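The structures considered in this document are given below.
Here come two complexes built around subunit A, the first alongside subunit B, the second alongside subunit C.
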Partner chain A sequence: MVFLGPSTVLIVFFYFVPVILTFLIAFTGMDRTLRWEFVGIRNFARLFGIGARDPLVPKVLINTLVYTAGALPVTIIGGLLISILSMRMHPRAGVFFRALFFVPRALPPVVWGFLWAWSFEGTRYGLFNAIRTALGLPVIHWLIKYPMVIVILANGFLGISLAMLVFSSAIATIPRDYVRAAEIDGATEWQVVKYVIIPLLKWPILTMTAWHLMSFLNSYVYIMLITGGGPYYATEVWSLYAYHAAFNRYRYGYGASLITLLVVVNLLLLLGVLRAFGVKRMLARGKIET
Partner chain B sequence: MRRYVERTLIYLMMALISAPFLSMYIGFFLRAFGEGSLLGIVPQRWGFSNFQFLWKPIAWGLGRTTMWAALGNTVLFAVTSGVVVTVICMLAGYALSRIEFPGRNFYLTLQLMLHAVPGQILLIAIFFLLLYVGLLHRLPGVALARASLEIPLGIWIAKGFFDGIPWDVERSAMVDGCTRFQVWYMIFLPLVRPGIAAVFIWGFLFAWHDFIYVYTLLPGTIKVMSTLIQSLLATEVIDYGYLAALSLIYALPPLVLFVFLQRALLKVPVFGGKGLG
Partner chain C sequence: MRVTLEELCKYFGPVKAVDGLSLDIQDKEFVALLGPSGCGKTTTLLTIAGFYKPTSGAVLFDGKRVDHLAPRERNIGMVFQSYALYPHMSAFDNIAFPLKLKGVARRLRERKVKEVAALLRIGEILSRKPSELSGGQQQRVALARALVKEPGLLLLDEPLSNLDAKLRITMRAELKRLQKDLGITTIFVTHDQVEAMTMADRIALLNEGRLQQVGTPVELYRYPANTFVAGFIGTPPMNFLPGRLVSAEDKLTVVTEHFTLPIPARRLRQPFPGEKEIEVIFGIRPEDIVLGQGAIQGEVYVVEPMGKDALITLRLGEETLKALVSLDLHLHVGEKVNLNFPPDKVHLFEPGTGASLLGGRRES
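Presenting the complex of A and B:
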């Protein structure tokens, strides 16, 4: 078909072929010579610690779990907090704060990474250390002492920018009467939020949780820009480790085996999300010829 | 009285959460436009000396380029991606909005699924793919690979615009004997001009933002803005004022475009309120 042909070709070429290619490369010892040399399951054996094991894998796995488990609540709770606060304000003030928290998503990754790397720079030239110096406090080596916290916050606030928008537009659709009725009954702000707003946000909260779970599990670009996975692998997550294996140490085969596992985890998660949410509800029908 | 206290509390909490960010953004501007030794937070003088890259070449390590060359490459990269995304998504979006065929819902769901899985994890395979078809280290080839990442959601955006056009327009054209393709080309494209703009911006913006694709798939000698800033950050002595000024020039166009794009994004049911209720 004329209309769907081009998109199908590109999607097959840049999504399906790469997945198959990743699977294939995962079974080779591909290195900087770029020769196809099949080595069976050696890469996976190494990964799972059979025979010659990779001592970094457990650390990377734990990092990935800590990072995802940290950034996800920051995104959902932060997103809820900011959307609810901004929707309970004067409309102009609300728009201002939503715009403020949307900026991270509109900034290029390199600039957002630079902003964090500079703000938390360990000398007095960094923003927060400059403020501390001005207040007469000693400097803190943020990126060495709390690298994971900073990486989680930098990514969490990116998540917040999307979650907050989605939650805000959902709050905007809540009929005013619900909130008014609760207020007339003498509900406090906190009670309105807890008993009226949050229960009505169940569906968006679920969607955003699923969405960001996958997004954080696969993300590495911002970590790469802010800490580079350091110091001493403290923020090296699974996908970043795969990237480093392939493009820094030229062990493409091993990197591909790491990615293969990640793709499998992604597919399982997608199936789980599809089962839980149902396809029908995600699709609004277009104007179809009858 | 209680309500008054609560209102104040709401503003207070918001101020507390946004304070670090506001100081980051404000600090960023002060750094870009401030001159002199900045040991404290407030600069000594104001001026544009940090913007000297506008007329001087930029050097890092052994490399050397100008801001304009990098900016030119960024524009070329982003426009290529934008055009590819626009053409492909306007075609597919029309079919998915107007034509019933088996597997239509599957196709739409598939796009969402593909968008949920970040393509950046497939970079190793894409490296080999481009190598084998001879597009590695070439700007248009990498732009094509980058464009494919934005196609899934781009299709949804395009479909949203086609959905908004009443049926009668098309029916009368079909009665007059137009083919599907003629209808698309002569009737629909002029009607969905805002949609074309939105989809183009969508493809343009993320290619403009891109770091990891250009960093990995282009040689270090072809610099775009993102890789240029990154290589300046990776040097021994970092001039933060200079970098802040450079980042400002780089980040400003997308910020403006985002304001425009936001309205279009609300038409996608997953992001707007519609599909979430």
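Presenting the complex of A and C:
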């Protein structure tokens, strides 16, 4: 207890206090004057389209869902692909590929974000357009034509770096005899993966899915860095919209209400995940079946 | 299926796991690869299965080289030491898995699984997951999975080592009977000489990657080719004493510090001409020592009753010998006792190579 004390105090001050403050601000019309002017549920009414509705909310909601539904499979399938391939090849080559795909996580977010922004820059100075220009092709305005695909991939690769690491270590614990038995039984490489390896990765896959589901619902940093939410709200996701409301338009009260709703959704998801996994089982021990 | 190993070598870097192994296994034969851990027996099995490529030499099935074939193309059934039952599949699905991969239709699959399950008497437990099965049941499921696709060759890697002692004895007999009934060529890896002796038609005894001797269990027991075979086969192991083999006036005699013993010349592998003597290792099995008669004197040091028999530790001066004799002899610690080594039961080995100096299969 004594040793946990200092960090408990820190968590209370820097986590719970801001959450409570956000929750309170959500019921105010606070703007750049920073006055606490309570307006009841007016912000939430606006959010849900009651009375003076916010016409952007449906678009932002759809963006968020599309973005999450896109980045999640990229992460899980990509992570599985990289980990399975890298664990089945020569050990040194495997380490090399895992290191390569871990790079996004090792980079500072700003670097990773600008790397993508620069690669898909719409003028001939962007990486892909430079290549196209060199080949005599016209430039493509990537970030205007495919903004959602690009932010999904940028975040998906970031997700892959973690998922791949988790899946690889789980694959490493699968006893070699399982794979050998399957090969003797007549399984091709693909059948070994399909019938033996992936079923044995059930728990890591579920964990990573839950983790990244929540992570993508809340993420906005890379989108802000790459497209800024544009063009014309095409990649404006919920948390980025909240950020813009609060810090671009200085409507702190409204921004706080957007965030409060997201926190509620997160809590519900968390409860759902904990129930699905069984809290006790999840906290108990490693979940790789042997 | 006939399996032939030709000068098989498998090296891992500087380690010679298997070194020049030649072995011919007949169709329907039950052969044990026996040896202490690290002797290369599991490496040999995995090479036959196709998981390892031989460094040199060849594996032949029915006279055809199979080195280029993947494990799944070799028509092999295998039971792993860990059983390697897929934990996420029921016993039924485990057994049906090889058939499913072959594309066997569901109905035929079900019939075949039921047949093999009946053969192994596991019909009742097919719906359970491996984690809900006892060790013995898991082993039967693993065996059923190996047999269901009617393989040409069955490989067993220490299949009994995870069972308790009592079950092991039951399964020994059952496996032996099953192998004869099904007539599947079977190669069986074990470190337990009793398992190998009781089950196998022939035993290939390996040590440090090299074949020491191959033959029927009785051959290995009666005519061990060298000191390693002599010491490995038989419980308790053979007694060894340093001595000399002396040839004088056409008579052969073993001379040790404590006794001299005539040896019939016909037992020698090679004639021993003229007058000379050589260093030898004298060997005698505990069960071949006769107590209560003979000219050699020893002292009873320890008596270990084992039911019908007693294991007696004897002292001959500084040397100790183990003798397995009837408990009815009623020997006591400290007692002086006469002993005799029947000349036909004696073994002689060359000290340098350990090779046996005495002849092979001639019955004396």
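Note that the second predicted complex is superposed on the first by the 282 of 290 C-alpha atoms of A that agree within 3 Å, B and C clash if a C-alpha of one lies under 4 Å from a C-alpha of the other, contacts with A are read in each partner's own complex, and residues count from 1 in each chain.
Please note the rule applied: a residue touches a chain if its C-beta (ideal position, glycine included) is under 8 Å from a C-beta of that chain, and two chains touch if they have at least 3 such contacts.
Given the structure is predicted, the values throughout are model-derived calculations rather than measurements.
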item	value
Contacts of A:L34 with subunit B and subunit C, given as first, second, both or neither	first
Touched partner set for A:T188, first subunit B, second subunit C, both or neither	both
Larger contact residue set on subunit A - subunit B or subunit C	B
Subunit B versus subunit C as contact partner of A:V196, first or second or both or neither	second
Touching partner for A:A256 - first (subunit B), second (subunit C), both, neither	first
First (subunit B), second (subunit C), both or neither touched by A:Y178	second
Which of subunit B and subunit C A:T209 touches, first, second, both or neither	neither
Subunit B and subunit C contact sites that coincide on subunit A, given as residue numbers	188, 289-290
Interface residues, subunit C side, partner subunit A - complex	49, 51, 70-72, 76-78, 80-82, 84, 86-88, 97-98, 101-102, 145-146, 149
Subunit C partner contacts - residues on subunit A that touch it in the complex	175, 177-178, 180-188, 191, 195-196, 199-200, 202, 289-290
Residues of subunit A that touch subunit B when the two form their complex	1-7, 10-11, 13-15, 17-19, 21-22, 25, 34, 78, 81-82, 85-86, 88-89, 93, 97, 100-103, 105-111, 114-115, 117-119, 124-125, 127, 130-131, 133-134, 157, 165-166, 169-170, 172-173, 188-189, 203-204, 207, 211, 214-215, 218-221, 224-225, 239, 242-243, 246-247, 252, 255-256, 259, 262-263, 266, 270, 273-274, 279, 281-284, 286-290
Subunit A-facing residues of subunit B, complex	2, 6, 9-11, 13-14, 17-18, 21-25, 27-28, 31, 38-41, 84, 87-89, 91-92, 94-101, 105, 107-109, 112-114, 116-129, 131, 144-145, 147-149, 151-152, 155, 159, 162-163, 165, 167, 180-181, 184, 208-209, 211-212, 216, 225-226, 229-230, 233, 240, 243-244, 247, 250-251, 254-255, 258, 266, 269-277
